[in-house]
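By letter and in written order, the chains are A, B, C and D; residue numbering begins at 1 in each of them.
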Amino acid sequence: MEFIINYYNYIIVVIIMMLGLWGMLALSNLVKKLISMAIFQTGIILFYISMGAKKGASIPIIKQAYDEHHHPIHQTINNMDYANPLTQILMLTAIVVGVATLGLGLALTQRVYSEHKSLHEDEILETLS
Amino acid sequence: MILGFDIISLSLILLCAVLALFIRDLMGSVIVFGAYSFLMCVVWACNGAIDVAFTEATVGAGVGTVFLVSTIYSTTRIDTFKKNRLLKQLFMFAVVCVVGVLLLKTVTDLPQWGDAGSPANTHLSAYYIENSIDQTHVPNVVTSVLADYRGFDTMFETCVVFVAFIGIFSLLRIRKSKTKNAATTSPTTELTLPPHQEVDSLIIKTASHLMVPFMQLFALYVVAHGHYSPGGGFQGGVILGASLILLAVSYNFKKALSILSEKKIILLVSLGVLIYAGIGVICFFLGGNFLDYSVLHKILPATDTIMARSHAMLGVEIGVALTVMVSMYGIYLSLSSNGRFDKGL
Amino acid sequence: MIEQAPALIVVIPLISALFITIIGLYQPRVSWLLTIITFALSSIFAFICLKQVVTVGPISYVFGNWPAPFGIEYAIDHLNALIVLMICVVAFLVAIYSKHDIIKELGDKIPHFYSLFTLLVTGLLGITLTGDAFNLYVLLEISALTSYALLALSGGRAYIATFNYLIMGTIGACFYLLGVGYLLINTGSLNMADISVILSSNTYSYTVLVAFLFIMIGMWTKMALFPLHSWLPNAYTYAPTSTSCLLAPLMTKVSVYVMLRMMTSVFNYDYIFNVLQWQHIIVALAVIAILAGSVLALRQDNLKRMLTYLIVAEIGYMVGGAWLGNANGFTGASYHIIADGFMTLCLFLAIGCIIYKVGDASLSSMKGIFTKMPITMVGFLIGAFSMIGIPPTCGFFSKWYLISGAYEASAWAFLVALLISSLVNAVLFFRIIEVGYFQALPSEEPNHHHPKITRDEAPLTMLIPLLTTAGLLIGIGLYTADIVTYLIHPFIKNFL
Amino acid sequence: MQTMTSFLPASIVLVSFIGSVFVFFTKKNENLREAWTFITAAINIVLLFKMAKWVLAGNTFTYHIAEVLPGLPLFFKVDGFGMLFAFVAGSLWVVTSLYSIGYMRPLKEHAQTRYFACFALAISATMGVAFSGNVLTMYLFYEILSLSTYPLVTHHQDAEARGGGRKYLTFLLTTSIGFALPAMIITYLNTGTLTFSNAGIFTQAIDPTLLIVLLLLFIFGFAKSGMMPFHVWLPGAMVVPTPVSALLHAVAVVKVGVFCVLRILTGVFGIDLLSSTPLSTIVCVIASITVIVSSLIALTQDNLKRRLAFSTVGQLSYIVLGAGIATSFGVVGSMTHIAMHAFGKITLFFCAGAIFVATGKKYISQMVGIGKQMPVTMIAFLIGSMSVIGLPLTGGIISKWYMVLGAMDSGRLWILIIYLISSLLNAAYFFPIVYNAFFCKEEDSQFPNKIKEAPLAALLPPVITAIGTVILFIYPELFLNFAKIAVGVSK
């Protein structure tokens, strides 16, 4: 139980990623492939986020106290109190990249459909050969 | 950090993922995928990644789903199934299993979930948390790292959005004068709409009309207040884009293009990245390295080197928001009209 | 300005891409000129960097003035300075070349093409220069997204081919990202040099192995190493000519460079070759890649498609060379990045000229091509000779080092595969020469001894880049000693 | 003994190259085009004579072209052997060009410009091989030669010519890339140098098995030398116009092959290493087999040019055999034999061509009584075949004499027997042609009893070379001295 709780995220990450990877490689429908791709990417994002989580920590916005003149009061900041910002930044980028890829993939899908009148990879390959 | 909640939502996520892949109706699949994304937001919020959750909610679950739906409308929603693929699927399953086992074996080697002392949580990230306020005056560490410490990354991230838009636009855009069956349609930029599009619900129109200003106001807040609260250029930009998409959905393309024409879209998308890169270039001319905002205090009034960083971050966030807004909008227009820019969802 | 040169190499094309888009709205034809100017400037700055690296040693440039592990760093050493110069020069040549071709193939999408073109090269330049593992991922995606768009622009079968590439490319990039994630979880750092220091001070755990494996698989997918190569031939064959001229020499080579970079800057020799000891498996893969690429190339009738399979084979050269685990092999792999870049460029440019004038690139349409386009064929011949490995073209010298490395590592299969591939190349190209030179045009009656084939050359903007590249092939070959002594050896000295 | 840095060797290579360019660009004016060929050939000869004086005095020229690999430059070094070969190639080029004009113009061959340009290029490459200072340089020019002669082999452009050309390139490139290149690299990795030296470059102790492998790779790698089983291209390339055959067989191609093998044997392995190890025997056995087998095949050929081709295969192995004996005399003999055989064989080919131009006959069985119609040609043919067989009054005997001396020196009697048998076989396939040409019965003769020789330009060259063959008997020192200097035997 202890093990599951400690590593539950990572196990789910692996399963999600592999599900996505399998979908990308094995599924035939182009839209499904793209959904699988997005699932694969979210799996990776979850991996990063899980590694950046800290038990009992807050979101990475520093609680800043100010004096009456609105000057920040100097305080010591404890790393333990805030979740890891670095992994979050990386994943912000990854999400944006993901949606960009998704969009481009969808554009291609539309073009493939108007070219071959099908979204089924096998069918398209059949018409080509 | 509610552990049980985390576990439950993760299990649900898994369920959604499986469903999304196996539902035969593509529309259903997309909707389940949208749910998957929202659940994912929840998990990320639980893990303390509020900015990521915010972004996923707007980008992944929001705009991403819209894109998928647009595509399904332009193509087909039926996923035909053929038995002859089974062998390939089994083979891929074996491949994936091997990779999966490889990864599962690492799990025990990884630091435990939520371990604040793991290398990933101490080395660089600790530096950012401890120095963000002193070095940039920005309490939201995510923003300061995003726009300053790793600002160079973010510039290219914006570029990715730009590229996606230009790519999709150039792939899909069809100018009717070029196509063979020009007889059936009128010139595209001057759009006449097919009659069924006119039968729009007044309720939807009014509701969206009412919603849009608040959405945009909120978006501007998200952009501007990114230094202090979750959010920033990406999230705000996507919300702004979403408000425009809402208009385009509830009204029609003519209305949508009257707000932002094709030419303006291209112009603004480039302009957003240009603002970002331009700030970097100004740093060149002021004698700093690229994106070294601190030198900007030479031209910004009443700022020291640290506040200059803070101000410049706002500048780049605006650039990001501009690009993201317009490109999300542009991508939607391209995808939903299959590049014809005449009618969408 | 000199100390800003590393950033300028990348920033100039980035900003120019934006201006191309904006100006392209009003003046589509100007984008060509802008692109050329951009890469001329980039080349100049790349050369400045190269000169500086040779005189004072590796350069580190930090963005935003944040010190290295905290900010993003460009780490320029001897090898990537050279590769960056190559990328700039290739982009410059292809930009000049593309003028007529793009007008013919793409029509009103000219500014988009050049904008994507410029951004693609920006991405590749960034990948090569950056010292930050995650920055590399972002740039990898930029170059990938632009290449998807560029490849699909020609339409028709290109769409589905590009879609497959998109899926494979994303898998590659995701694997890379996952690998970086494992590195991050182990070290907490993203800066390559920093990771390397932290890694070597700890014991290498199983997660490090997985990180390395995933980064490698990601890169192999991107570079189309043999079992993962299936996307490449279709994607490059159906693409617009100018796109394949740009992508074929650069994309796979840059991926190879990333592999080298990861092996040298993040991991180290001892870990890769003594702890992991995968070299035999990977060299075997490389051997299969070389042989499979060669055999598949032999079966093709379309020249462009044939060349794409040759790229698959050439990837085997570089991967195998790098994994031989000795100085000569590594030198060969590094040198071959440059040599193969220009070789592939030369051949693709020549084929592009032929397609521009003849209309397609099947073997049967090559009849009488020497009489019709003699200058193009001179370029083609030099490229072909380099591919076969005839001195003094640079293809010979990379083969020299690779064979030396194979011999020293007793990798006999690799050695034989290299030789076989050279011979297959000879067969491939002389088949073309035979058809193109010694068979009259189809319209001619066979016994007519003075065929009246009129000369019909490609325009000058296409010929000049082609001949320049051909000249470079010989020039690089003759300066091999300098390149190896001053640029490649200092690079691998630290690694081995 | 002095070593001089001089541009002379490079200039010889360059002159032919520039000549080829001029030829290419003056395709409009045939006379001007041919003038370029002769002007460059003349300049070459003059330059060669200028160097010859110095080389005979025991000096060597070097010229550093470029350092292409660290510590491994492309450079020229001219010694006696190189001079000898350059002289053979340079002087025969003039004759062959003259002959080409006489052959091509009456037949109205197509693509003459390409022909002459490639010819000049081939000579340029040959000179490069002759002057190479290390294996890498030699390999470079060897490959250039293969490529520049390819258009000559496929000159007719019909299916047969293309097939021949395909075979030609397949064999030459397969062997040079597949064998010679790795051998060169492995040698370099083991010794750190590729510069020719009479003492050999394997100075450190080295695995004897590796040495044998290298030796085989080198010998078969330079397949232009026609060692069996890689001789197939040679008869296959017989579809070419006769002047090209002459070039292939006498002047450039095959001679470059044996030159390279000889260079490798003497300059890379060194005579001492060869004789002190079983390597020498291996070379001798391979060469002997080729000598005997090719002579036997030659006997069965009816096509005159094919018979000559197999004769060439045998004679080339002779040369290799001479070097394989690994004694000073043997090597001197085989070096000289390059020259002697070149003159003899080119005469034979010129004659074959002259017969074809005058009568259109290709087969030996059709040539009964031809001596009555073309006496001059057939006398030249006789002299040429005497030289190839190695009979007195021709240069052939001199080189054979030295080789036999070498064989006796080494104490291997079986080589003597090989020489004897092969000489008999040579006689057996040449003399019937001559005999039938002159002394056939009146009724068998297929030719009218009226003298009708080929045009002067096709007739003169065989006469010149036949006279040259005789002169070489009287003054063998012309080439012998170079060989002796190269090997280091006192005059």
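Definition applied: a residue touches a chain if its C-beta (ideal position, glycine included) is under 8 Å from a C-beta of that chain, and two chains touch if they have at least 3 such contacts.
Computed from a predicted structure; not experimentally measured.
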Problem set entry | Between chain B and chain D, centroid-to-centroid distance (C-alpha), Å | 74
Exercise. Where the CA atoms of chain B average out and where those of chain C average out, how many Å apart are those spots?
Worked result: 31
Exercise. What is the distance, in whole Å, between the centres of chain A and chain B, each centre taken as the mean of its C-alpha atoms?
Worked result: 12
For this session: Could you put a whole-Å number on the gap between the CA centroids of chain C and chain D?
Result: 43
Exercise. Residues of chain B that touch two or more other chains: which are they?
Worked result: 103, 110-111, 118, 120-122, 124-125, 128, 150, 153, 157, 160, 163-164, 167-168, 171
For this session: Could you list the positions in chain C whose residues touch two or more of the other chains?
Result: 134, 138, 141, 145, 148-149, 152, 184-185, 190
For this session: Based on the touch definition given at the start, go ahead and assign the chain network to line, ring, star, complete or other.
Result: other
Problem set entry | Which chain pairs touch, all of them | A-B, A-C, B-C, C-D
Seminar exercise, completed: Contacts from chain A onto chain C in the complex sit at residues 17, 21, 24-25, 30, 33, 37, 40-41, 44, 47-48, 51, 86-87, 90, 93-94, 97, 100-101, 104-105, 108-109, 111-112, 115-116, 121, 124, 128
For this session: Can you check the complex and tell me which residues of chain C touch chain D?
Result: 328, 385, 388-392, 397, 399-400, 403-404, 407-408, 415, 419, 422-423, 426-427, 430, 434, 437-440, 446, 449-450, 477-482, 484-485, 489
Seminar exercise, completed: chain B partner, complex, touching residues on chain C are 4, 7, 11, 14-15, 18-19, 21-22, 25, 61-66, 69-72, 107-109, 112-113, 115-116, 119, 122-123, 126, 132, 134-135, 138-139, 141-142, 145-146, 148-149, 152-153, 182, 184-190, 198, 205-207, 210, 213
Problem set entry | Sites on chain B touched by chain A in the complex | 1, 3, 6-7, 10-11, 13-14, 17-18, 20-21, 26, 29-30, 33, 36-37, 40, 43-44, 47-52, 55-56, 59-60, 63-64, 67-68, 70-72, 74-76, 79-80, 82, 84-85, 88-89, 92-93, 95-97, 99-100, 103-104, 107-108, 110-116, 118, 120-122, 124-126, 128-130, 132-133, 137, 139-142, 145-146, 150, 153-154, 157, 160-161, 163-164, 167-168, 171-172, 228-230, 234, 324, 331, 334-335, 338-339
Problem set entry | Contact set on chain C toward chain A in their complex | 134, 138, 141, 144-145, 148-149, 152, 155-157, 159-160, 162-163, 166-167, 170-171, 174, 177-178, 181, 184-185, 190
